[in-house]
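These are the structures, in structure tokens.
Two complexes are shown next, each including chain A; its partner changes from chain B in the first to chain C in the second.
Here is the complex of A and B:
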């Protein structure tokens, strides 16, 4: 697939990629940095940073880092324990438990936060249930601030550790473990001396991703944070207060930290994985020679799984009881479908739902065009150029959503070329644009994996059989990369449908999305409406996950 | 007393029998091979001996002690795997030292023993290297060293040479035999390659479909196969039914019997009166010619050392068959 000269269609693709990378990745970043360096009187310098570096910002930075470290540690332990039990103990419905992990993975962060709010609030479902069982009120507990944020973070991030470690475990030849046993090592010793060292690269990878994601996390600190300050929420409040230079200085600070970890991650991934595979027939079922089902393992896993379902269950429960504040006894209320009926009968309540779907579809479209184009160029052109494209298009993965939103606001609050010479701030299109920027790396990666798995001789075979470029792309290339591209597109849709972090900075009255609406309903203490919206979003996301698993399996085996 | 006694071992996986009433006794210091086709249960039997799998029925005695339900850690049985199973997170030295560290030997002992074993397997100069940087043959020697250093009562080999290419396989095979002799550790060696088993072993058991077909010294099995499976699998013999053996060689056998003729015991002859078959293929293998002769649609193989083939044969020649033995062997 390699050749030197571009033809017309490839120049067109190059134009698309350059337009997107320069207009929506580099230009906003440039605007952000120059706004951070501009002191307002036209002088450039670091005065904003010196002003920004007050005690509160410093405290926010410390808090963000501390939160991320705690999140990494606790999610790591939880994910490893989960993986250990599922792989090394004989558990009956193993695949059921591991598919439950899809729930926290696919749940939009805001929905996770809201469900935990309803579940663990001092008057939440759990408190009500405990009161019912123990018959007195002193049990009421406080659930906010640090503990709340950490719980939500662990809920969202431990499946990542589970997935990383279990895919590493699947690659470990179980003969290694048998060898260790027959050399006299006990199970525990084998775990620490043989298995754990082989898992370390995966654990480090998951830790870096989790660290970046918790630094960028907005929903949980925003809703549970109270008076505690974090970098993401500081940016938001500075922006809301109209202090653009403060907002952009903090944003640059946060971005620098994120990008450092992002670079570490990419370095580490390419360099450090053990070559675990060998020739021969590795056996990988570690639990095969134990005939007994592990009771304790099953109990622990069941409890874990209950914790996975409980938040969603709470959401479902609250969506069927009448509107009202959090501060009441839910259990005495009667069920009603009125929350759902309201959304579907009143246009003003249906609009956010519609907006979210439309915006996600537009985002999918934009990422498809720009993502496939960049992947195609990367797969086709010479090495130096290809890593430049790949690196630029990957940048947004390392930038927190809050920062992306802020940089878009600063760039498109005036007529510029890339905004078609109209100010985009406050319009509908700026929101799907933000989603596209945030998700472009995902689509590019998935299309690239499609292109790389193609056998280059297929294209040549098609040419030699007399097919032209277009026919070859339509009949041979596209069908083969379709599963990977579809996979990426569905992921983009899922991420966009519940996006809150950048939307909260970018929405206007007429462009409210479902996530913004959930937030404002909670602000108004309308638990029912918030829960119903949450469930709808959850249902859409789960439907997409389900469909994607089905169709992707089919299209792969159907080839 | 035997070092390993396998008594009536049977194994089922989800109701399917994989091993059926296996009985074997292996003596002190012996090199014992279990040979059989793919899927016959060789690996399963080894894993049962090592305690990595438990038998559905039967008992295992190691040095006279009933070890049937003993965990693998307690058995003092070492395994050399087909895919080496070296720990990729440790270097050569650390891999070899692992078993001693686990047994909490002192630092000096560990150092002394590992260096002496590495010397034996000719890998002292690679002690500090990553295992992934070694060649296949070197990796296999590390995996053997890792086992020998713990001075096990028994070493189990699961097709240890099958990942190596031909010349390396010969070399490693001789090396392995030497190391086993020197250490004197009782060994059970599993392979599907009969020539490997014949070359290495003091005694052999032939396994097929979970059952022992025959056991004995290599020569015994080679020259006196107990049934048609063994004769085909071990010596690639020609089998003739009663009609053909009467017609070709004028030898009378019962209807349910088959005449066994080894490939080296039959040869084509150019003869004008005796036209029994047609040469359909001649292969030159270096030290011998391999003839394929078709007799009324039956395929007969003949292998003759170069210096015994005095005539010029070519494909399509009509030839007679000459027996080079007067021993009559039959199988059921």
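Here is the complex of A and C:
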């Protein structure tokens, strides 16, 4: 179904897409780059960009890359071990364990950082527990620097490796492994020569995503970094120091590194399709190899799972502890729901909750409009712009949140066309705008996969039965692409609801979100309030994940 | 399609709730003075003026400066309550402040105010060497700047990340200004900062993290302002003690100012006058350990601890510090911070 000419409604979609991509992707990037090329005194040139970098910037770049590599390696190993045990060994309550893995994935980065902080720092839950048990606490707890950042990163990213590899494992034909055994190969040899090569595509995919996410990570390096430098925190401190030119230069450097990995990821995705040929239906049931429950496997998995829920448990526990009691021995305090009651009874405490939900909904709305429009143009209309649109709308996926926030500040701190000629800095709308820029590629991708799986004859049937374009879209196309679009929209919602990285640069008094409120409560050491907000956010995200699974299942079976 | 309908209903419901605009008068305050003092004066002011809603954001003074600079075209803050005079001097130069001469303007020394009336001093804040007094007695703790850099305190020192903290920036810059004054060059000052960095075990992201490290680590030592240290000790039973550096300490002038183009300038002026009235200053000195910069309040009305606190004030060129602080801190950040750990 390819057409030569645009009609009015398609011109309108094109206008939406161009407006969004020029106004909110290209224009902020342009402002950022020109600020990086400017030395602050009006002189312009590429040398300014290079001069801005001192040894410390390179140190920060090396640290960021090193941190990302360590994160990838450790998360990869952990995720693989987890997937391997769950797949090849007979474990009781397997599905329970694998659903626990959703916890770190759904936990917003700041919540992960905060719960580890409460669990492991000098005055943390663990230190207090040990003090209670041994009466005298000789162990000095220290939770900062590299080890703290790496622990939090691995916690957040290893489930990704698990998900990718376990879905690959499910596709492996067990006859291959039987063949390897019967040819005399040992278990280890079979793992390295047969299984691992089959997993490599998914491991590479997960690695690239993890690498990019670690490069962009802000919360953990910000709270635990101390004297260590990372690119994201350097941007923040340069901005605080009033050096916008340096901040933009570092931001451009970080973006270049991220985009390189993003391009690698995309090239890899299109080139990875290799297939194993087999006759008949592949046999994929592995656990039948084991007749009894594996005890060691169950123990390892249980320990893992304990570590998975411990941070959330810490948060839950602290949310019921009265304010300020963390300075005392809080294990002896009685539980109270006052932290939660406060959020729902006092408007000033409820507002951040309201703001977060509202901003996420607006972000979903904006990405829905702009994302579906671009996906429609890319998938349905034959135009030369097709790949240009796809590439431009994909750019934000490679831009870290800190950089998006900085570029928005630089672009919209004065009245410009795309800010409706008012300075957007400090307003409500700039935050959901940042969320939607960051998330538009997700929605575009998910709606594109909906459009591509669409049978064009359905649309033609609708036209031939006399339905107009709008009716066809509303009654035929939209219901069919709905599951994929919804999937993307929920991901956008989840990402936005707990966003901290760009919000911390963009918020003002009346636009505080839950994550900003958690951060400022921690700054004031109101652990109870911080934990209660954290639990609420966690509950919202979990509820959305749960409901979305139900809805998507239903709408798929409903067709 | 039900889900879509639910989504739309939820969105409109939220929009309607969101539109209940609070049309009442309000005043927005950015301040580093801590939630205890801020919420106390918020309540007092709101009792006196039930029609005005006080909104405050608690941030480091350097962060406030950055925010106000960013919001220049669309000011969201009305009163900037608290920052070292050095930051106010720079803000005044950048045209971020609104001229306002308070009723008590003539009762404050020349050195503690802007000559053109853009900002006025509120407190004199002495900086101290604070330590964990559970594991360290006052006589064993460092007593002067020079002792802090001795190998004895290797990895014992915790510092609040100086880039975002007005307090730390002033302390560090004062070391360099003092070095220029006594030796004629900044070399010694930077050398001192380098040796301090060698002894520093960690830089904390915010004051609370620093307090926790100070109370949780054996023989930990830090540099911080006296009021906060005493306040944390009294309110939360932190095991904190402090020494005034013997050779003289950095005493910075905290100030207050109105923000240029502020949207609520009338209530802002009311708030400004209220928190800087003699009664408020006395209350701040009693409850929050602040030393008033105004000289007209009789000693008898102020708490005893003020006259008992005996410290020598380091003689510093504040103009020089204000002008050079960004460059000095940039140099510290790029050439000194964390270098010894590599």
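As a convention for this text, the second predicted complex is superposed on the first by the 540 of 559 C-alpha atoms of A that agree within 3 Å, B and C clash if a C-alpha of one lies under 4 Å from a C-alpha of the other, contacts with A are read in each partner's own complex, and residues count from 1 in each chain.
Everything below uses one rule, namely that a residue touches a chain if its C-beta (ideal position, glycine included) is under 8 Å from a C-beta of that chain, and two chains touch if they have at least 3 such contacts.
Small disclaimer: the values here were computed from a predicted structure and weren't measured.
> Following superposition onto chain A, is the placement of chain B relative to chain C best described as a clash or a fit?
They fit side by side.
> Could you look at A:183 and tell me whether it touches chain B, chain C, both or neither (first, second, both, neither)?
In the superposition, A:183 contacts chain B only.
> Looking only at chain A, is it chain B or chain C that touches more of its residues?
C
> Using the superposition on chain A described above, determine whether A:173 touches chain B (first), chain C (second), both, or neither.
first
> To make sure I follow: the centres are taken over C-alpha atoms, the vertex is chain A, the ends are chain B and chain C. What is that angle to the nearest 10 degrees?
160
> Classify the contacts of A:222 with the two partner chains as first (chain B alone), second (chain C alone), both, or neither.
Only chain C; A:222 stays clear of chain B.
> Just to be sure I read the superposition right, which of the two partners does A:390 touch: chain B = first, chain C = second, or both, or neither?
After superposition on chain A, A:390 lies in contact with neither partner.
> In the superposed arrangement, which partner chain does A:197 touch: chain B (first), chain C (second), both, or neither?
first
> Smallest separation in Å between any Cα of chain B and any Cα of chain C in the superposed model?
41
> Spell out the part of chain A that touches chain B in their complex, as residue ranges.
173, 175-176, 178-186, 189, 193-194, 197-198, 274-276, 278-282, 288-289, 291
> Which stretch or stretches of chain B touch chain A in the complex?
That would be residues 47, 50-54, 71-73, 75-79, 81-85, 87-89, 98-99, 102-103, 132, 143, 146-147, 150, 162-163 of chain B.
> Which chain A residues qualify as touching chain C in the complex?
Checking each residue of chain A against chain C gives 54-56, 59, 121-123, 127, 140-142, 144-145, 222-229, 237, 239-243, 324, 327-328, 354, 357-358, 361, 364-365, 409, 413-415, 422-423, 425-427, 479, 482, 486, 508-510, 520, 522-525, 551, 555.
> Contact residues on chain C for chain A in the complex?
Chain C residues touching chain A: 1, 3-4, 7, 10-11, 14, 17-18, 28, 34-35, 55-58, 62-63, 65-66, 69-74, 76, 161, 163-164, 197, 200, 202-209, 211-213, 215-218, 236-238, 326, 329-330, 333-335, 337-338, 341-342.
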